[in-house]
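Take a look at these structures.
In the two complexes that follow, chain A is the common piece, with chain B as its partner first and chain C second.
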Partner chain A sequence: MEKLFQAIYGGILYGSIYGLMAIGLTLIWGSLRMLNLAHGSMYLVGGYVAWAALNQWALPALPSFALGVIAAALMGLIIQVLLINRILGRSEFFNAAMIATVGAAIVIDSAMLLIFGPRVKQMPPVFQGQFKFAGVVITYQGLLIVVVALISFALLWLFLSRSRHGLSIQAVSQQMDAARLMGIPTVTTFMIVMTISGALAGLAGVLLSSVFYLSPTAGFNPMVKALVVTIFGGLGSVKGTIWAAYVIGLVEAFLQVYFGAGAALPGLFLFMIVMLVIRPSGLFGLGEAQRL
Partner chain B sequence: MMQDTAVQPSKSAGRRLDWAAGPWAKTNWITLSVVILVMLALPWAVSQLSIGRFILHLFILFFVWSIVAESWNLILGVGGIFSFAQIALFAIGGITTGALAKHLGWNPWISLWLAPITATIAALIIGLPSLRLRGPYVVLLTLAFAELVRNYHSQGPTWIAEGGYGLRYVPKLGFEELFGRPLDRIAYYYVAFVLFAIATYVIWRIFYSPIGTSFRALRDSETYAISRGVDPFRFKLLLFALSAFFTGLAGGFYVHYNGNQSPTILSFSVTITLLAGIVLGGWGTFWGPILGTGIMIVLPELLREVDVFRNMAVGVTLALLAVFAPGGLFPLIVDGVRKLVRPSRKLQEE
Partner chain C sequence: MLRVTDLQAGYGGSEVLHSLSLEVGEGEAVVVLGPNGHGKTTLLRAISGLIRPTAGTVEFDGQVISGMRASEIVAAGVIHIPQGDLPFPELTVMENLLMGAYRPEAWQERKRKMELVFELFPVLGERTSQLARSLSGGERRMLALGRGLMAKAKILMIDEPSLGLAPFLIENVYHAIQEINKNGMAILLVDENADHIEDLADRVYLLESGAVVKEGTVEDVFSDEALLAAYLG
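Coming up: the complex of A and B.
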C-alpha cells in the first residue's frame, strides 16, 4: 500500500514536470509545425537566470524566479524574431527551422558555459522541509512544483479558450489558411506562442533546478522527455499532452517503485513502442489527413 | 546479401529503365581516376606533416561518419521517413563485432562482416512497426528504440556494458603489430577509404535507380506511388534494410579502429550533430550529406584557435545557414557553378 502511494505521488510529480516542458513544444508544433530543439536551452536560461538573481544579485526568491521566467520567455521571442520569422512559409521550413533551432540551442548552451562555467550549480529549495503522508515522504518543494504546474495548466487553458490571442492560437493550429483569411495576424500569433512556450520552459527550469543540478547540458534530458510526451500525446493537442505527461509520469514512477530504478527507462520505452503499435497517432492524435 | 536485396526489385522494373539515362552513363573517368589517385596518395603526403597522424584521424572519422550520413540521408531525405535510430544501428554493428572479437576471440576481420547483418536485422525489426506510423510518430518509435539500445549498452549484461563503460579493449584490426607506429594509421585510412568508396558507389547507384525513384515517389505522394504499382511494404522495409547495412558496417569498423565503444555514442548530441551535417550539406541530395559531414568534422577543428567561442561559432553558422540557405550548401554550390559555367541554359529552361 505504501508502495502504491509512493508511486502515485512520484507519478504526479514527474507528470507535472513533463507537462510544463511539453506544453510549450506542443503549442509550437500545433501552430508553427516545427520541432523546437532549442526548448531545452530556454529551460536552461530560466534556471541560470533565476540562480544568478538569487545567489549573485541576492534578490528574494519570488522576483528572481519571475526574472528567470521572463528571461526564458524573451529568449523564445528573440529566436522567433531573429530566426524563425525569416524562414516562415518556405518550402523547406521544417528542416530549416530544425537546424535554426539546433543552432540557437548550441549558441545559448555555450553562452551559459561561458558565463557560468562548467561547474554544476544547485538552487536552494524555496520551501525547506517535508512531511509524511500515508508513509510517503512529501517535500514542500515537490508539492510546490505540482501546484505551480496545475495552476499554469489552468491559466493556459483559460488563456487558450477565453482570450482573443488564445483563440487565435487555436484557430491557427486548426486551419492556418482559414485563420489567415479571417484576418488573424499569424506572425504575431507565432510570436506569442514562442514567448509562452519559452516562459513555460523557463518555469520548468526554475522549479527543477532545485531538484536536479544545473549545468550547461542540463536542458537536454528534459527536452527529450518533453519531446516524447508531446508525440505520445498526439502532436499539437494540448489536452492530449497533459494527459500524456501524467500517464508517462505514472508509468515511470510505477516501474521505478515496483521494478527498481534501472527498469524505469527501458520499461517506459517498451510501453511506448507497444502503445504506438496499437494507436499509431498518439494518445489523443486525430491522425493526420492524407494528402494526395 | 547486399547485392541480392539491391538487385532484385530493379529487375522487375528493369525493362522500363533506360540505362543510358543514369548519371553513370556520363561518368568522367579521367576526373574519377584523378580523385581516387589523389585520395590514395594523400596519406603518404599528409603523414610527412607534424600533425599528419591527427589529420589522418580526421579523414578516417570523415569516411566513417560519411557512410552513416549517406545511409541516413537515404531513409531521411530520399525516403522521407524520420528515423532517429541510425546511431543505434551504428552501435549495434559495433556491439556485434566488438563482443564477438573480444569475448569469443573471433578474428576482427571475420566478425566485422556480421556487423552489417545484425544491423540490418535490427532495422527490419524497427521497420515493421514503424510502417504503420507516419511523420513525427516514427520519430518517437525510433527514438525509443535508440534509448533502449543506449540503456542496454550502459546498464545491460557485463559483456556489453561493463558497468557503464561499454565495450573496452576490443581487439583492433592488427595493423599496429604489423606495420608499427606511423604506418598503421595509413592502413586504417585505406580500409576506411575502401569502405567509404564501396558504400558511396552502392548508395549512388541506388539513389539514381528505379528503387531510388520509388522511394522518392513514396515520400512525395504515397497514394500516387501505390497507384503506380510501388509496394510501400516492400520498399519501405528495403529502405530500412539498405540504410542499416552500411551503417552497421561503419559501426563495426569504428569499434575496431577505436578499440572501444562507449554508450555515450548513443547520446542525442551525436545524432543532432550528424543530422546538422546532413541538413547543412543538403538533405535529400546525394553529395550534400558527405559535404555536410566533412564540414561538421573540419569546422570545429578550424575554430580551435578561438577555443571558448568554438561551439558558439558552430551554432551561429548553423543558424545563419538555416536562414540564408535552408536547402543546404550543396544545391547552392551547384547553382553557383551552373550560373558561372552555363549562364544561357538557365534562361532556356525558364
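Coming up: the complex of A and C.
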C-alpha cells in the first residue's frame, strides 16, 4: 500500500514538473508552428538568475525567484524579436526556426558557462524539511512544486479561455487567416506566447534547481522530456499536454517504485511508442490534417 | 467608399489579378461574378491584406489601405468574410463570435452586437456552447457572417456565400445579407452563382481572368444573353 502512495505522489510531482516545462512548448507550437529548442536555456536562465539574486546580490527568496522568472520571460521575448520575427512567413520557417533556436540555446548556455563557471550550483530549497504521510516521504519543496504548478496551470487556463487576449492566442493557433481577418495582430500574439513560455520554463528552472543541481548543461534533459510530453499529449493542445504530463509522470513513478529506477526510462518509451501507434497525433493533438 | 484601382496581385510570382478596378459606394451592394479560378477570392484577399498587391491601389474612406497590415485594414472597418467560413474549430459559437469583436472598439459593444447577431440568426443563439467544428454547413455559414457582424464594419466583403449549401439555405443566407444591406451596410460580394443576386445587387461586375469585363446594373448584365451563358454555364 505504501508503494502505491509513493508512486502516486511521485507521479504527481513528476507530472507537475513536466507540465510546467511542456506547456510553453505546446503554446509555441500551436501558434507559431515551430519547435523552440532554446526552451531548456530559458529554464537555465530562470535558475541561474534566481541563484545569482539569492547568493550574489543577497536578495530574499521570493524576489529572487520572481527575478528568475522575469529574466527567462524576457529571454523568450528577445529570442522572438531578434530571431524569429525576421524569419516569419518564409517557406522554410520550421527548419529555420529550429536552427535559430538551437543557435540561441548555444549562445545562452555558453553565456551561463562564462558568467557562472562550470561548477554545479545548488539552490537552497524555499522550504526545508519533509514529513511522512501514509508511509510516504514528502518534502515541503516537493509540495511547493506541485502547488505552484497547479496554480500556474489554472491561471493559464483561465487566461486562455476567458480573456480576450487568451482567446486570441487560441484563435491564432487554430485558424491564422481567420484570426488576421478579425484584426488579431499575429506578430504581437507570437511575442506574448514566447514571453509566457519563457516565464513558465524559468519558473520550472527556479523550482527545480533546488532539487537538481544547476549547471550549464542542466537545461537539456528537462527540455527533451518536455518535448516528449508535448508530442505525447498532442502538439498544440494545452489540455492534452497537462494530461500527458501527469500520465507520463505517473507511469514513470509506478515503473520506478515497482520495477526499480532502471526500468523507468525504457518502460516509459515503450509505453509511449505503443500510445503513439494507437493515436499518432497524441492524446488530444491538433492533428496533422488540421495543421495543414 | 471603396475604390480599387488597377490592382495586380497573385501568388508566388504568378499574377492572378490584372489591372482590376472597381468601386463600392456608401450603402451599396456590389456583386462580382466570375467563374472559379478567375480571381474572386484573390481580389478580396488583396483588399483585406491577407496578400499584398503587387501594383495598384485600394482606397477606403479616402485612406490608402493597400499595403497595410490585415489588422490595420480591419481597424479601418473593412471586414472580409472568407470563403469556406474558416471558423475556429475548437472554440464554441460564442467564442468565435467574441473573436469577431476582438478589436477594442468592437469589444466594448460585444453584448449588444451579439444580440443583433442572434436576432438575425436565431440558430446561433441556440448553439452558443457548441464547438464550431460540429456545426452543419448552413450553421457555419451563419457563424461566419455573424462573426463578421461583430466587428465595427463599414463594409462587408463576402466570399461565395452560396458555396456548398443546399438551395433553400442559400436563399436564407442571401436574404440575411439583404437585411444587413438594407440597414445601411455596404456589401462587396463575390460569387460564381448568379441565381440569387437579383434582389440584392445595386451593381454587378463580371470578372474574367483577373480583370473586369463588364459592369452595370443587374438588368444590364442579365440582358446580355451570350455573356450570361458564359457565367451561368
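Note that in this section the second predicted complex is superposed on the first by the 288 of 292 C-alpha atoms of A that agree within 3 Å, B and C clash if a C-alpha of one lies under 4 Å from a C-alpha of the other, contacts with A are read in each partner's own complex, and residues count from 1 in each chain.
The working rule: a residue touches a chain if its C-beta (ideal position, glycine included) is under 8 Å from a C-beta of that chain, and two chains touch if they have at least 3 such contacts.
Computed from a prediction, not measured in an experiment: that's the story for all the values here.
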Note to self: So in the superposed three-chain picture, is A:Leu83 touching just chain B, just chain C, both, or none of them (first/second/both/neither)?
What the structure shows: first
Notebook entry, point to check: For chain A, which side has the bigger count of touched residues, chain B or chain C?
Noted result: B
Check: In the superposed arrangement, does A:Asp109 touch chain B (first), chain C (second), both or neither?
Finding: first
Checklist line | Which of chain B and chain C A:Asp177 touches, first, second, both or neither | finding: second
Margin query: Quick one: is A:Pro185 in contact with chain B, with chain C, with both, or with neither? Answer first, second, both or neither.
Written below: second
Check: Which chain A residues come up in both lists, the one for chain B and the one for chain C?
Finding: 290
Notebook entry, point to check: Hey, which residues of chain A end up touching chain C in the complex?
Noted result: 164, 167-168, 170-171, 174-175, 177-186, 286, 290
Check: Considering the complex alone, what residue numbers of chain A touch chain B?
Finding: 29, 35, 37, 83, 86-87, 90, 92-93, 95-100, 102-111, 113-114, 220, 224, 227-228, 231-232, 235, 262, 265-266, 269-270, 272-273, 276-277, 280-282, 285, 288, 290-292
Next item on the list: Could you pull out which chain B residues touch chain A in their complex?
Entry: 129, 132-137, 139-141, 143-145, 147-148, 151-152, 155, 221-224, 268-269, 272, 275-276, 279-280, 283, 308-309, 311-312, 314-323, 326-327
Checklist line | chain C - residues contacting chain A, complex | finding: 48-50, 69-71, 74-75, 79-82, 86-91, 95, 98-100, 102-103, 107, 147, 151
